[in-house]
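Structures follow.
Below are two complexes that have chain A in common, paired first with chain B and then with chain C.
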Partner chain A sequence: MILLVSWIYTLAVCMLAGISNCAAASRSTYNEHLDLKPLPRNNLLASFNFEIYSDSAAETELGNDGQVFWAHYGLFPRSVGQIVQSTRAHELHLRFTQGWWDAEEWGFLPHNGKHAGGTGVEVWAWIAGESDTQAESRWYELVNALSGLFCASLNFVDSSRTTPNPISFRPDSNMRSSFLTYPDSGSSNSSSSDLHLYHGSLPRETVCTENLTPFLKLLPCKGRAGISSLLDGHRIFDSKWQSMALDFVPICDSDNGCRLHMTQKVDVVLDVQRSLQRQHSPIPRPPPPEELHCDISKAYHSESICFPLPNPDVVEWKLSDLFGLKIKSRCQVDQTDGNDVSSSSVCTHITPAWHLTREGGTVVSSTSSNACFSLHESDEFDLAFSTSNSTSVSANDQPPVYIQRSMTGRGQQYGGIQTIIYNPSMTDSVSVIYLESLPWYMKPYIHTMVAGLSSTSSSSATSPSPSASLTQEVMKDILYRPFLERVRGTYLELKLEVPPESRLTLSYDFDKALLYLAEYPPDANRGFDVPPGILTVLTREDDGNMSYTYALRTSSLLLSLPTPDFSMPYNVIILTSTVMALAFGTVYNILVRRFVYEEDLVAQHTPLMQKLKPKIWERWKTPTVSNTGSNKEESAKVQERADAKDRGLKS
Partner chain B sequence: MNELLKILVLAFAACLALLSAGVNAREQTVLDDATLKQFLSDQLGAREGATGKHANNWAVLVSTSRFWFNYRHLANALSMYRTVKRLGIPDSQIILMLADDVACNPRNAFPGTVYNNADRALDLYSNNIEVDYRGYEVTVDTFLRVLTDKIDRTTTPRSKRLLTDEHSNIFIYLTGHGGNEFLKFQDAEEVSAFDLADAFAQMWETKRYHEILFMIDTCQANTMYSKFYSPNVLAVGSSELDESSYSHHADSDVGVAVIDRFTYYNLEFLEKVDKGSELTMKDLFESYDPVKIHSHAGVRTDLYKRNLSDVRITDFFGNVQAVEIDEDDDDQ
Partner chain C sequence: MDSRTWAVILAAAVLRLSLSWIFPSLNSILGQHVAVTTSMTSFKQLKEGLHLYEIGISPYHGGVYHQAPIFLLLFKLLGKFGSTAPNSLVVNGVYIFTDSLTSYFLCAISKSPSLAKTDQLASWVIASIYLFNPLVIATNVARSTAVLSNAAMIGSIAYACYNRNVLSVMFLVLASHANIYMVYLVPPFLLLWTSKRGSSMASGAKYLLLYITASAGLASIGYFMTGSVQYLSATYGFLLFFEDLTPNMGLWWYFFMEMFDFFRPLFTYIFQLYSFIYVLPITFRLHNYPLIAITCIVGITTLSKSYPEVGDLGVYISLLSLFRFIFPNVRYTLVAVLVLLHSLVLAPSFYHLWIYLGSGNANFFYAITLVYTIGLTIILTETLRATLLFEFTGGKDPSKAVAQI
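Moving on to the complex of A and B:
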């Protein structure tokens, strides 16, 4: 009561005096929270939540230079704030995900799928810009800056991997009411038409410790204290599914101005047996015979024959066994006036079959299915779980829709995609938006898209068959923009309504493209990754508006394109050079080369004196004969011989 | 017909004569390898301020190999990363380029871990690692752009740029598969020794380094530094021409070789070095034993002016600044 009165008083003083300092009445705060939920088959879903609120600032504080607004980087990390400010991003969402979420076993994605991405790295943001080109260039600046901050190759998100303005995403903040004004954005009320949404994804990107390190460094305790100290790359990346999410959303209202809100989440599905086994030995080894749990229902079960059960029912494990260490102390954040603005809690979602033993911390609430603890400043905290029936887990609501996508066809020229969307509900139909961004080297033929609906209820068993009325019922809208080679990929968004208890099968064909030599990655024979399809579930609210309630993604696909023989450029060069050398050489020889007799060559090259010497000698030795007749005979004979020689030469 | 042929031949002969005359005229100033090198060295060395002060240390550590069986090349680069971090160079002054990801590779029996020794005592991929260029980003083009800073300054974040000045000592470490005067990047392209030499020359011209320690662990590594011509470069390679560099040992649980011999013996020496160590480069180079390394490691010192016994290991591997304590009481 007193607190309330004092708060109202402060506010009244502020409004009267108009002092902008009072805007700091909304303090920066830090909350961290860990949710633990055992899943079927000895899995554990651990959801780490970190929220940072910055100091708020009234709108009037904004000067000509937008710098004034963002000056309060006490708790809120400056690195993210500056990136977002310089690229005029009004909302930023970043996801790092690996693994596969088994919806049939594990049910709803944590946080209704809003904070889980598709395999690889996914990023989307609302960017203010006067024109498309300006906003797009700011988008590229943003992804480049994020690539440096998070050690991921986000700089590869170029026009061919960006989808502008998909309808599958809605901003978390109410962008219409007052907004962050930037120095160059003309009007003080930037309407949502100035904002451009861009979505990019890199399905091939690996997620490893170098992404976790900067992620943790954004937290106030830098991963050294509190719940974040449990985040160890060796355990997180040894899980069945893990997703790291960062959401930057400004919260603005007329009273308190704008506060920056950053949420960081790490969701992990750990295999309990595997993680426990890592504690004993880093390498998976078969357990000794006495530790084997045998399936006694088998006919051949005996002392010497055992069919091992992989999932024991009686389990006992501690948080420190799974993550490798205990939480040493709470992450405490004090403001300059000594107030503690942080909170730290751990909650579990279990069934009465589980028994918890706590070490450190205090109990905040405890029911048969939900127990919450808060951490102490300096105590170590550990939680031990034990049960005799690990199959008893808290009920998982069935997700509203299931989706599965695969590639069909064979060969290196054509292929097909088949997507199956299944609505398990017995009474309600489900409205969904399905977004697919295909890379440009997958060339789909939308006219080949076939939708088949089959009912899964036991009463009727119809086979999928396309029909006009079916198309009307199911396919509400198609948003399609064809690809442009090497510039952008295919954008396909479908608004669908799947009737209750039915399975919708969508399929279409595509052609595979031939790439230029330089466009192949170094490991071209592995194939190319196709980004996951994003399915968003809509629910009609009471006021008639549709709200986005659930989001899930398919797995990414591996597309094998025809790869060339990369040794061919070398082969071609060698071959053509040889052919050219042979051709030139032959022609040159024919033109220029001349065969001569050796004697003639010798005669040609003998010096003049040597040629004359035998002649002189002959003349000197044999006196000239006056008898012309005999001379003529002789000379005729000589001439004959000479002629014969000539002829011989010519032939 | 005869006449035509004779004319053609005469014309051809005339051309040849002219050409040879031309060639002969230049015969006196033909640039062979040695003269060229000398000429360029003189030009570059003539720049004033060639012996500036050393103020900060940077490291560029590149592993150029892709695929799981090249685990040891990534372990090499990560071992050097750990060493320079241990000796004080901060992440902001290290550019680490890893061409593939082995720590979170599905084939890795130890997720999130990279070992450089079969005893698995030391995990190189600890919880504090920042890789600046990874995967497909590691190309010859990127590497040379990082060295020469011919990078798009509007989009490239500062953590991905080599922001050195003329007082920076840079430790450049390359490892991967190489050959006679080339180094293979990701099994798809290669960088030649000439390109690298030109890149260093550009760096000298744009005053981007004070001294460079160039270390390379590949097959026929010594050929890679044979073409350098810019001053203040100290180069060391793991094997001679026509010699291969070998891996040291394999880990049977990881399944592949985990470290190369040359790097292993370098690390053995560097483990003795700490931040205040007085050990010198001469000690390091003298510790190389061709019998153990199974190849002849080479050192090139002709471009490097200082005496190796005066150069401390920490001048390149660490980030130790010489601090002078001013004993003077007067206010200056």
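Moving on to the complex of A and C:
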């Protein structure tokens, strides 16, 4: 309420004082950019890039409670701004990824892997707090708020899925000149020492349209105009790999003060053939014979036998074929003073074998390998690609390392993890940080960790020979925090040095835990997802510092745990209790009773009633018989009865 | 100790050594088998704890290591003499020596003044019942640390039988430090410590005080080693509150796995109480036979403790072999043996069906643990009954019919 009142107040003050005063230093701006790059085997990498800057920080104000809030967000989405400010997040990174990046075919990840997440949802943030507990509670607040904002299960990021302060991440902004000076943080200039980094990941989360829609809603044109109008969930999530990234990084400089800055990126690898087929025939049906591309080099090729070629060389397609619609118009964002503060452009990265035809827009620059277009305000924009040789794509740089992680062993009691890191460089060794955060029900044995090194150069092909000394040699540093049941998972971070042209194999054993019945998800036999490992490549700068130049993720793993019978709780409780009661009963039966000779039992220990009963019975039956009568007979009967009782006991 | 006993001990040592050297993978196969080791005794977890301790991380900081700190000290010391791999010479030596020592203690108990006047099996028979018991061999080859704590417990009995009470107290302190359930043995041990003629309540109190002081002293080692009392919750708390649901031969794991969250604390208390509730009644009732009382309580904990393993049954059977004089009174021996054999053969197979083949489910193994418990119950109740009957008849063959009332 206070927030709203002061916002209205500020607005009113601005209107009265004249707009130019409020636009003190720099105005909020919006840039959008689309990169299109054909990849081998008729794939297309489309990188959507949206950048939003808020107004400069001269407009921050303090609320009554000392809370900082932004008076003028400008184009910056207020929902995100308020969340990061109420939770004191200095930097926020959010990733929604699905699919697998084929590094051997496609090379470098877009943006050097900086904006690509692991399978599922990944989030990390630097949060200010006087203590760990305060920062941590703000972190849970943050993920819960984001969960609502993006319709993702981020609220399931609890302590067991949170990794505090991994060294694999570094802030993008310069935290020391922090833009938010919190009165309660003690000093006017909050230093990075009271910032806490938290990282959480949900590998099981399925990224879908429900996440894309709120993602696009943050943009000024809400996906209705500009390049974001191409982002149709049906096409984006039908891709081989896609990653949505949101990075909130405040930017500060001495001239303009601080501005909120958010980058949103959507990177998609589309299978062109598949998308085209979907466009032409939404219901899959076999192509007619004349459209089949046959491999005529096969010996059995004939009129009636065809070995289909998957990737035709001659292709021709338009953007609207792939995405289902054309770019509507430019996303035009007018500020109150009528100045347009946005820019929209589309660039292609092609080889001369490709031919481009555009519809609408203006050519900004054009070379043989690159062409950039700027969008017009009202025109629709479309781009047609055609080539006679689709294998000709612009060269992909080889990534500095490849990584592959897999599970070893069989059965559901224990297993192992094997990670292979491959350095393809002929000359340089590469130093990396490898982060692995495992769920608590995976119990690793760190003493079983061994490293094996095998050279891939043909001259000295050696088999991987794991050894302890080698483990010491390649591992520069180990950061390890063991798991704690139901509280936190294992955190393992390794600094490694991989020699040129060699494969580093890391392996260790782990045990699989059993969970309580209620802790199993509904489809327990599907398995449990293990978050992807994160590999960060370090490069030594000229000034001697290490900079983080490339990041990549392994795929997530599916861990199958032993399961109980889910229909059994009552049966188990009853059966176990019965066995326990049986033991208890028999033991106490023996302990509390004593032994007697049966003859003594008859003579002395027959209960009164038992003594009297036959007498009464006899009397009632034959009232004439005297008391002193059949004494012998009577005792025989009692004996018989006692025997029967004893037999009953024994059985 | 005659030459025959020494031959048995030697043969058992050679057997253990050859098992571990001819089949090097046997150590890890048995060492990871749920029936043979638990997280309270696993050698692999001990190695992990030792590794963490050596690289400067408190092993009790996480959920990896739950065994007593004294094992860390012991194996760190052993590491100075050579590798502590499960089939290394040092570890083999320690485990074989410990088992031989246990059998030596058992023979010594059978020759002790209180037992020697009764009918006894020959020493070499008693030694072989322990040393050639497949359960004991498996536990030894699996490098379960229960081998060490059981040796301390049996050593404690042996010293008490020879009136070396202070040593006996110390051994019991070691045993109960490693396995907290051995605290239940204190009441019958008090009977044993004060059984000497002329002993009074005061001497019992003296030994109890000594036991408590020494236990506290040993517990403080953990504090000085790790710098915090965190290890108490990681070892004893872990055992008392039953946090690890890994299957074992006991009643706990499946019950608590299936139990509703709300009732879990209640049933944890009930189960712990269940294992204790027998201790005092058995001690009181068998006060004339403290050794049998100890044996019965060992049997009870085998059945009711939170992380039982089959090695406990091996120790229990070996202790029973000391009391030949009650054998004539034992009934249902065949039934008990068959039930236990049935469960011990089927337990690994059903576990395999569940975990590896997927053609069975958890109920298979669970059912076998129930059968195992019933087998133990038969032995336990028959031991108790036979002892009380022996007490009643005075060892004479009862010609007259006897009843229990």
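Convention: the second predicted complex is superposed on the first by the 528 of 651 C-alpha atoms of A that agree within 3 Å, B and C clash if a C-alpha of one lies under 4 Å from a C-alpha of the other, contacts with A are read in each partner's own complex, and residues count from 1 in each chain.
Please note the rule applied: a residue touches a chain if its C-beta (ideal position, glycine included) is under 8 Å from a C-beta of that chain, and two chains touch if they have at least 3 such contacts.
A quick note: this is a predicted structure, and the numbers were derived from the prediction, not measured.
Within the superposed three-chain model, A:Y402 lies out of touch with both chain B and chain C [touch as defined at top]. After overlaying the two complexes on the shared chain, residue contacts for A:Y548 are found with neither chain B nor chain C.
Touched residues of chain A were counted for both chain B and chain C, and C has more of them. By the document's definition of touching, neither partner reaches A:Y73: not chain B, not chain C. Contact with chain B, but none with chain C, is seen for A:L149 once the two complexes are overlaid on the shared chain. In the superposition on chain A, A:F307 contacts neither chain B nor chain C. By the touch criterion defined above, A:Y140 reaches chain B but does not reach chain C.
Residue contacts after overlaying the shared chain place A:L591 against chain B and chain C alike. Of the two partner chains, chain B is the only one touched by A:T213; chain C is not.
By the touch criterion defined above, A:L582 lies against chain C but remains apart from chain B after alignment on the C-alpha atoms of chain A. Where the contact sets of chain A with chain B and with chain C meet, they give residues 591.
Those residues of chain C that touch chain A in the shared complex are 32, 34, 44-45, 47-48, 50-52, 55, 57, 61-64, 243-247, 251, 253-261, 264, 274, 277-278, 281-282, 285, 300, 303-304, 354-356, 361-363, 366, 370, 373-374, 376-377, 380-381, 384-385, 388-389, 392-393, 400-405.
Every residue of chain A that touches chain C in the complex is listed here, in rising order: 410-414, 440, 443, 445-447, 478, 480-486, 490, 511, 513-518, 562-565, 568-569, 572-573, 575-576, 579-580, 582-584, 586-588, 590-591, 593-599, 601, 605, 642-643, 645-646, 649.
Only residues 5, 8-9, 12, 66-67, 101, 103-105, 109-113, 120, 123, 125-132, 134-137, 154-160, 186-188, 253 of chain B touch chain A when the two sit together in their complex. Chain A contributes residues 98, 140-141, 144-145, 147-149, 151-153, 155-156, 204-210, 212-214, 223, 232-238, 282-284, 521-523, 566, 591-592 to its touches with chain B in the complex.
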